[in-house]
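Letters A, B and C name the chains as they come in the text, with residue numbers starting at 1 for each one.
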Amino acid sequence: MTAPAHTPVQAKSITATDLDLYYGSFLAVKGVNITIEPNKVTALIGSSGCGKSTFLRSLNRMHELVPGAYADGEVLLDDVDIYAADADPVQVRRQIGMVFQAPNPFPTMSIYDNVAAGLKLNSRKIKKSDLDAIVERALRGANLWDEVKDRLGKPGMGLSGGQQQRLCIARATAVEPDVLLMDEPASALDPISTLAIEDLITELKKEYTIVIVTHNMQQASRASDNTAFFNIEGTGKPGRLVEVDTTEKIFSNPTHKETEDYVSGRFG
Amino acid sequence: MSTEPTQREDVTDTDPNADVPGLGSLASNAHAHAEDAHTVAAPARVRPPVQVAGKVLPGWAPWGIVAATAVVMAGLVAAIGWNWALWVVGTVVVGGAAQYVVSRAVEGKRRATDRGFTYAIVAAFALALAPLISLLYTVVSRGAARFDGEFFTWSMRGVIGEGGGAVHAIYGTLIITGCATLISVPIGILAAIYLQEYGQGRLKRALTFFVDVMTGIPSIVAGLFAFSLFSIFFGPGIRLGIMGSVALSVLMIPIVVRSTEEMLRIVPNSLREASYALGVSKWRTIVKVVLPTALGGIVTGVVLAVARIIGETAPLLITVGVVSSVNVNPFDGRMQNLAVFAFNSYKSPGVPPEPSIDRAWTAALVLILIVMVLNITARFIYRRFGTEIR
Amino acid sequence: MSSTNVDDLQSVVRGGPARGGAGDRVFRGLATGAGVVILATLAGVALFLIVRAWPAITASAEDLPGGENLLAYIWPLTFGTIIAATIAIVIAVPLSVAVALFISHIAPRRIAQPMSYLIDLLAAIPSVIYGLWGIAVLGPASVGLLRWLEDNLGWLPFFEGPASATGRTMLVVAAVLAVMILPIITAVTRSVFEQTPRRLQEGALALGATRWEMIRLTVLPFGKSAIISASMLGLGRALGETMAVAIVLSVSGAITFDLIGSGNPSTIAANIALDFPESSGLAVNALIASGLVLFAVTLVVNMAARTVINRQMRI
């Protein structure tokens, strides 16, 4: 049997309140208040160094992996505080997955094992037949199944860059997270692969809440429902969230002048 | 132009034009040939015609000069009584001098100096390789005599004079080295994991420093340590295979830590992050993602470390002792070891000495073969499995 | 494919917590423990040597080997150790720097890598084999040279003679040691030479410098402190090298600067290797005391070398 690739699932929302993000004593992002809607694609845009990646990584507690880095404030997944004292970052990351800028399949693993990695690495006892179904479903969901179904045992590194990135998306979705964070997922890819990833993102939002960082304005306007604009006053100053609204509004009629300057290509 | 200490700072200088202060004089020197007019301070600046063809010796000249010297020297040396060493040394020295003189006459002083130093460096390299070649030749030619079946099947039990073998020493070597590896690899890899994945602050800095320092501990001191340790509990007459393994571990652990750390360092951080982002805990990430990715390199490092310690003699001489029959229990009594066997066979050969000395050379040959095989294996493993990381 | 309804898989995937807590703590403890074991071992080396050397340190002079005090026993050995290692360094450093330059800047790229394997091979050969080679080949081969040195440079205390007829002299030992430490000095200096910034080297070449001038003006100044620290590492190795000395050197125990005669002071390490198997009682403690001195000396040399290297890295 084959599964329908995407059955709609109610995903979860994220709400950040007064979130400050530090690298040691350096305040990188200050006072973010935002609600990320479920089953929508939210794009984060802004000039380089304004803290988009930092903010994104704080949403699944990857931020604190940098020595000395910490977050101050509240981040709710639906209504659960992921920064609560008894919250386990490992648990948080199981529910909020991430896709990185450069494709990074595990080099020692086959395509199959890469997709199954999230389950296998946690040593969960799963029947082989279930695992097969999960892998197929994830690969179909990433529009990769037809390209790799005959070579699931081959190394993941043997795929093209675009395929590798879709493999990484399959890997992230195989553990069924509620939210998918993507940091410039297509910036290392050619235009065709980029379009494939954008189409995929549009399909994935049926099941997941998606947050994507991008420098590509067309990509933001094509693929996202909402857009958040970050900016920074100058080097050494913290980045901040200027405004967040529907993508249509941000690109046609933003509230703030600096947003308009940025989306129309006039910086500063 | 001397090498003033200030030159170091230029390395961090960002202005590319300020890079090489000492070169000013050199530059004018270089132009001086073609630009004599420059010194006359002519009012209208006229550049000299383009000239790229210099007076340069042809490519075969260095070889030709040395070959010619070799022929001349052969004549000279033959005249005073043939001597290979004298001929080689004479050719190298006189050939170099001749090259300098010719080059200086044709190409000028700076090029002649360049050729002179290049020649000296190549000659030094050849000189450094000469012992290797001589040593390998000696060991192979002298070790061949007893490289036979008996050597690998007999011990020295009850053997006087001819015959006998080193099977007891081969077993001993494998067992002692094997135990040392069993002790060193877990400790070494775990310590490397600590340094690379967990460590911070004082302990990390101290460990990094002292692991480096430990690589320089003389092997005999490691032997004394193992002896002191065991003799405190078992009395001064104690000799055990495992004592040798402990001594070798002191030498092997720092090597394993260093190489493993190096390999863990080049595992890209993005793989760790990818694993964390899947909700995998840190220790599982290390065990199931980081270590497998670095495995080829780690195994290579371990094999090279084994190759380094398998030929150790001094620490085993004082911890394991010598024995002439097979003993495969490292926890009971003396054991034999190939390197110690070679040493003892050479040092106290008995009468007549030849059979024992032959055995010493064969033991040396076997040791060299083992070390070579280990080195080649290590390179092979690295080629085959070490390239997962890029 | 099984007939599992894929939407039920959600529960399969999500079921059960994956807390890393306990496993993480255990694993972290193991790794840290291994690090502590290593530091404890190093401390243990010092501690156990002191414990076992103590009887000799406190013993009265007549009970000790030689019938004099411990210092009189250890000093000639220390002298021999330092002489052998110093000469070895004098021979090895210029050679190593030349070899390193050959591999990093002179040899064509294609053969540089195989050549560096060959040099590494020098490090892989067990020291006992260097000893055998030294006594069987290099010693006899250098008799003529030793005699020539005595005849022509005999006015120098180093070549006073009479020249040994077997070649088992300090000079030959030092030459063997030099070959043995050459690979490590080469490896350290070479890696730094190769890091000389390109823009410095190209800057020099662009100004019309010859290759040697470029090396002298950029590579050597850049690698200067690496040469120093590598020499110290080599010195540490040479001080502790045992078997080559034990096999090759003909020993009388005399304190002499003569490098070509047959009566030489032994070295600490060689003396331990040769005497230990036959010693008992206080003699063993005295040997361990000498080992303690060797340990202290090499520790200081190595720590100094590492400090220099580390400082260099930080720049």
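We take it that a contact is a pair of C-beta atoms (placed from the backbone, for glycine too) under 8 Å apart; a residue touches a chain by one contact, two chains touch by 3 or more.
A quick note: this is a predicted structure, and the numbers were derived from the prediction, not measured.
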item: Chain pair that, of all pairs, has the most C-beta pairs in contact; value: B-C
item: Chain nearest the global centroid, as defined over all protein CA atoms shown; value: B
item: Chain A and chain B, separation of their C-alpha mean positions in angstrom; value: 48
item: Where chain A and chain C are represented by their mean Cα positions, the distance between them in whole Å; value: 52
item: Whole-Å gap separating chain B and chain C, where each centre is the average of the chain's CA atoms; value: 11
item: Residues of chain C whose C-beta touches two or more other chains; value: 18-21
item: For chain B, residues contacting two or more additional chains; value: 279-281, 284
item: Interface hub residues of chain A, defined as touching at least two other chains; value: 90-91, 94, 122, 175
item: Partner chain B, residues of chain C touching it in the complex; value: 18-21, 23-24, 26-28, 30-39, 41-42, 44-45, 48-49, 51-52, 94-96, 98-99, 101-103, 106-107, 115, 118-122, 124-133, 135-138, 141, 144, 179, 182, 197, 199-200, 203-204, 207-213, 215-218, 220-222, 224, 233, 236-237, 239-243, 246-247, 269, 272-273, 276-277, 280, 284, 287-288, 291, 294-295, 298-299, 301-303, 305-306, 309-310, 315
item: Touch list for chain A against partner chain B, complex; value: 60, 62, 65, 67, 90-95, 97-98, 100, 102, 104, 106-108, 117-118, 120-123, 157, 168, 171-172, 175
item: Residues on chain B engaged by chain A in the complex (per definition of touch); value: 200, 268, 270-271, 273-281, 284-285, 288-289, 292-293, 295, 388-389
item: Chain B residues within the chain C interface of the complex; value: 1, 3, 7-8, 10-12, 16, 19-20, 22-23, 26-27, 30-31, 85, 110-111, 113-114, 116-118, 120-122, 124-125, 127-129, 131-132, 134-135, 138-139, 142, 186-191, 193-195, 197-199, 203, 206-207, 209-222, 224-225, 227-229, 231-232, 236, 250, 253-254, 257, 279-284, 286-287, 307-308, 310-314, 317-318, 321-322, 339, 342-343, 346-347, 360-361, 364, 367-368, 371-372, 375
